[in-house]
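Two complexes, one shared chain (chain A), two partners (chain B, chain C).
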Partner chain A sequence: MIFSSVFFLFVFLPIVLLAYFLVPKKFKNAVILIASLVFYAWGEPVYIVLMMFSIVYNYISGIEIDYWKGKGRVRQAKVTFILAVVVNLGMLGFFKYYGFLLENINHILPVDISYKALPLPIGISFYTFQTLSYVIDVYRGNVKVQKNLLHFGTYISMFPQLIAGPIVRYADVEEQLTKRKESLAKFGDGTAWFLRGLGKKVLLANNIGMTFDTIAAIPTGEASVLTAWIGCAAYTFQIYFDFSGYSDMAIGLGKMFGFEFMKNFEYPYTATSITDFWRRWHISLSSWFREYVYIPLGGNRVSVPKHIRNIFVVWMLTGLWHGAAWNFVFWGLYYGILLIVEKYLLKDILARLPAFVKHIYTMLLVMIGWVFFFSPDIGSAFGYLGTMLGIGANGFMDSMAVYYLYNNLLMFIVLIICSVPYTYKRFLRLEMGKKSYRSIAMISYILIFVLATACLVNATYNPFLYFRF
Partner chain B sequence: MEKVMKCVSIVKYILIVALLVFIGGLLRNGEVSNSKISKVTENVTKSIDMEKLSESDHRMVKRLYGINANDYEGVSLYVAGSNMEVEELLIVKLKSTEQAEAVEEAIKKRLDKQLESFEGYGPEQCKLLNDHVLDVRGNYILYVVNNKAKAADKAFQKSL
Partner chain C sequence: MEQEEKDRKKEQHNVRQDRKSVRTGSETRNSGKGIRKRRQIQLRIRLAKIFVVVLGLVFLINLIKRDEEFSESENRMLTGRPEMTWESVKSGKYMSEFESYVSDQFFMRNQWITLKLYEDKLMGKKESNGVYLGKKGYLIEKPDMPDWENVEKNVKSIAALAERHSDIPVYMSLVPNASHILKDKMPYGAPVRNQDEDIARIRHFGGNSIKNIDISSVMKKHAQEEIYYKTDHHWTSLGAYYGFKEIAKEMNLENVALDYNVYTVAEDFQGTLASKSGYHGSEDTVKIYEPKDVRTEYIVLYTEEGKKTTSIYDSASLKKKDKYTVFFGGNHARIDISTTQKERRNLLLFKDSYANCMVQFLLPYYQNIIVIDPRYFYDSVDNIIESCMITDILFLYNVNTFVTDNSIADVLAEG
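For the complex of A and B:
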């Protein structure tokens, strides 16, 4: 089930909200847990077993680690902890990378191991990272063990952020699981977040996504340089509005149920360096890797070679987290290299450059990065990059490029306007301003909802891009 | 209390074993095939009359079916050169079995449109269209309009 579907908006969500606000406080988590399991089972009837396993197994592991630590039996606690990490990563690794691994073995070695590739359970990368954050934090003593299976199950399976994040760390919601406060103001704020996210996904991402799909279908050699850049720009906006739209909807739904989730995006396309970009893009994933991989490896408080190693490890893992394919590994390493170059070579130069140059520099590198991200394999990625640079392109500009530019110019302007904080800040002033201003804001939200619904009624299944991770 | 913990630990190991059994079951019954689409296409095209059919690109997939080939693991499309012919072959390897419904829907729309176009004056074409084969097997989908559609389906199933 996806948020941007007529069934979710008009059947599932109203029923769950009604049940949630009708039941007494002690049953509220039960409503969320049951709703989340139904939500997940809707699309993954078989893989719900994995979700339940994950809940019960990590719940037990947490209790065991806490018990052995309390008894002073450090070794026993360590064994339980390591086993929990191995089981969680093993499950993720098997479903995500087993086909990739065997495919590469078949390529490299003179063998032909036959295998059945299983479909990827939706959201496994997200909920596995959440369970890991819990187990690690219990072992480190950063959080108290959760002894209530219902509360723990609610944390792992919470449907607002179950499928595509933000990756909520247990430490951040520990208290909210039992002591959150719902209010009309929070519900209203949540609805606004949700509607903005819905608008981003349905009205912006899906529309510009159609342009990208059409351009991506052009055979190599037939597209001009300009067409390739338009396609790349279209994807650049599609992925941002698609993913940040999902995150906004998740944050909004969380607020409706009284939760506060961390922000996942902070206007990433206004960044003035790659380092800055990654402070603004998929913040929950970057924070997770920083907390559980980068800092334990020593972070930047080590020698230069070790620091470079740490950056590479984190970025190779970030790439692999996104998908079992070499283009994702390459994409991760690409950012690893860029961050090292910025840190050790370009830092002073960048500081002296005017903001608009830094902005152009960042956006160019980000767009090149997206080519590795959207291409089905490395070869296609270099083929597309070649076209963008004029190698194997059908001229610099052709009638097709003019057509795409003419048809999407207005859309691109809207997308740029919606990518900067100025627009949101102005809108927020309307929301908080005089009564007449507030009415304008209210009408805008109603308009977003009506237009998005109209688009959804006629649309085919259009999942979020990050569902595949 | 230590005894309770030992019991808890046993439950944990039982859970791990249950997970392994579950995965084993999935692998045994999993309908997902890792056969290459090029190989499947080769076997299917060998089994039918390809005289009227020629290979089409991704733009044609978008034009005829409204789906984006890049969203899938692979797409092979063969269509007849003339508008008066209805022979067609489409093989789609899905990235996820969840995509099957949308592709099936797109194929049915295309079929309905074709039937509508030939209804009343193209009885031969309508017969071929009505005798089509649409076979969804795990992560593979075959749609074929051809007088040897059944043979194509057999070859398709054998290739997975």
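For the complex of A and C:
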């Protein structure tokens, strides 16, 4: 089930909200847990077993680690911990990378192992990282062990962030699982977040996504340079508004139930360097990698070669996390290289450049990155990049490019306006301003709701992009 | 590392700050900032109330509302409430059907769809759901990408049929679609497939055993006339008339009628493209053609349905939404037409819906016409050719259907 569907909005959500606010406090987590399991099973009726196993297994592992630690038997604790990490990663690896691995083995070695690629369980990349954050933090002693299976299950399966993040670390919600307070003010906050997210996803991302799909379907060699750039820009906006819209909806839903999740995006397209971009894009993922991979490897407090190694490890994993294919690995390494170059070579030069040059520099590199991300394989990625540079392109511009530009011009302007913090700040001022301003703000929210509903009812086009994560 | 530590601390601090500001919103009541913050909280509380009320109301309305079976404006059956079985739940079929059920039965569905179209228009959209919103009220279907593998298979099977029955001429006539012919009605700069190239490629697969009839050139010549419907993906009877003249020439029909009585049978036709795109701005007229000098009596037998009539026109269709079905009442697996024609020529016509309005022109020249739509037909073709003493075979398709068809090869398989 996805948030941006008529079923979620007008059937699932009202029922869950009603149940949640009717039951007494001690049953509230149970409502969330049941709702989450239904939510998950709705799209993955079979893999629900996998998630339940994950919940129970990690619950027991946590208790076991804590038990051995309490007894002072560090070795046993360590063994349990390592086993838990292996099982969690093994599950993720098996379901996500098994097909990819065998494909490559068959390619490299003179063997031909037949395999059946498994359908990827939705959200497995997200909830595996959540369970890992729990066992690691229990082992490290950063959090107390969770002895209540209900609370633990609620944390892992929580439907607002189950299938597309943000990746909530156990440490961040430990307290909230039992001591959160729902309030009208928070609910209102949540509604505002949710509606903004819904608008981003349904009104902006889906719309520009159609343009991208049409352009991406043009055979290489038939597109002009300008068409390729329009396509790339369309995807650049689509993925941001889709993903951040989804995160906003998750944060908003969380707030309705009294939870506070971390912000996942911070106007990434206003970044002034690649380093800055990754502080603003999918923040919960990059901070997870920083906390559990980069810093344990020594971070930047080691010799330069080791630091470079650490960056590469993190970024190869980041790439692989996004999908089991070489173009994702390539995409990750591409960012690894850019970050190293920025850190060791460009740092002083970048600092001296005027802001708009830095913006252009960043956006160009980010857009090139997305080509690797959206292409089905590395070969076609380079083909597409070639077209963008005029190699093998059908001229600089053709009637098709004019058509797409002309049809999407207004949309692009809206997308740019919605990508900058200034717009959001102005909007908040409306919410806090005099009465007529507040009416404008109110009408805007309601308009988003109504217009998005119209799109959802007419949902001939409502794709979900993250099934590969 | 220190920087990273700091970053994290800052993040945690921010989260804490956020939480605090919600909690202590009322305590800072007196400062200017407090008032502004309070206004925001009040606004959002009001928003939350509206949101919850709307969710609840919509939920109830949808629950109470009677389900509808058919959507006139979309011209399709709406999804009904699916049945819950262990199998359908396990496979996920139940869930996905339930989702379509909820959005198909959403209250005021048509009005919501209209609103969506206004949104698109406002954003300067020039296409909707695979339909170009063309100039002068024309809706033009976006051509599909050809499935060349299947096309080759189909054409090869046609060639094989021609070789098996080398004494019978096999003709193929592919009608280009509106997007290729009505270039000046297309939105500015809209990408078009060159269907002449597609047709050339198809002919190349077939080799010499198939006799090709070119219709593209004549359609281009008459592009300014109403040869395609504005709201439907078919050609008009006028378009078919021009096509027929080419076919008659190539197939050596004798004493071809030149004058026709033209009757307008409907003036408010809004076809499939109107349904598909949701734009109901234009209306079409449906016309039928009857030769002036020749009078042909005939009997139409719908073999599958076992129904016999004396007209190829179905007047009941004129009361329905899809008025193009006035020709034969739509597509049928097999239709046998026997005429009072004395000359012993028997035509076997393989076709898609484009041919439905062509048959009215072919009638006077054959004693028997057997019309087969391979999409619905499963019997042996060779048998028919033998037993009905077929003298001519014609494949009449529009390019868009032909390049996406996956039924011809199966039907033509030997035996």
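Following the convention adopted for this analysis, the second predicted complex is superposed on the first by the 467 of 469 C-alpha atoms of A that agree within 3 Å, B and C clash if a C-alpha of one lies under 4 Å from a C-alpha of the other, contacts with A are read in each partner's own complex, and residues count from 1 in each chain.
Here is the rule we use: a contact is a pair of C-beta atoms (placed from the backbone, for glycine too) under 8 Å apart; a residue touches a chain by one contact, two chains touch by 3 or more.
In this text the structure is predicted, and so the values were computed from the model without any measurement.
With both complexes brought onto chain A, simultaneous placement of chain B and chain C is prevented by a clash. Touch criterion met: A:118 reaches chain B, while chain C stays clear of it.
Once the two complexes are laid over each other on the shared chain, residue contacts for A:207 go to chain C alone; chain B is not touched. In the superposition on chain A, A:195 contacts chain C only, with no contact to chain B. Legend: residue contacts after superposition of the two complexes on their common chain; A:46 is shown touching both chain B and chain C.
Of the two partner chains, chain C is the only one touched by A:186; chain B is not. Comparing chain B with chain C, the partner in contact with more residues of chain A is C. Within the superposed three-chain model, A:57 lies in touch with chain B and out of touch with chain C [touch as defined at top]. Of the two partner chains, chain B and chain C are each touched by A:217.
Applying the stated contact rule after C-alpha superposition, one finds that A:454 touches chain C and leaves chain B untouched.
Only one segment of chain C in 27-35, 117-125, 153-161 or 261-269 runs into chain B in the superposed model, and that segment is 153-161. Put simply, chain A uses residues 43, 46, 217-218, 460-461 to touch chain B in one complex and chain C in the other. Interface residues of chain B facing chain A in the complex, by the touch rule stated above, are 1, 5, 8-9, 11-12, 15-16, 18-19, 22-23, 26-27, 30, 32-34, 57-59, 61-62, 66, 68-71, 95-99, 101-102, 105-106, 139. Interface of chain A with chain C (complex): residues 1, 5-7, 9-11, 13-15, 17-18, 42-46, 172, 183-192, 195, 203, 207, 217-218, 260, 262, 279, 287, 290-291, 294-295, 299-301, 399-400, 402-403, 406-411, 428, 431-433, 438, 441-442, 445-446, 449-451, 453-461.
Chain C meets chain A in the complex at residues 1, 4, 7-8, 11, 15, 18-19, 22, 25, 36-37, 39-41, 43-48, 50-52, 54-56, 58-59, 62, 89-92, 95, 98-99, 102-103, 106, 109, 112-113, 115-116, 119, 123-127, 129, 145, 187-191, 278. Per the touch definition, chain A reaches chain B in the complex via residues 43, 46, 49-50, 53, 56-57, 60-61, 63-64, 67-68, 80, 87, 91, 94, 99, 103, 114-120, 122, 213-214, 216-219, 374, 376, 460-461, 463, 468.
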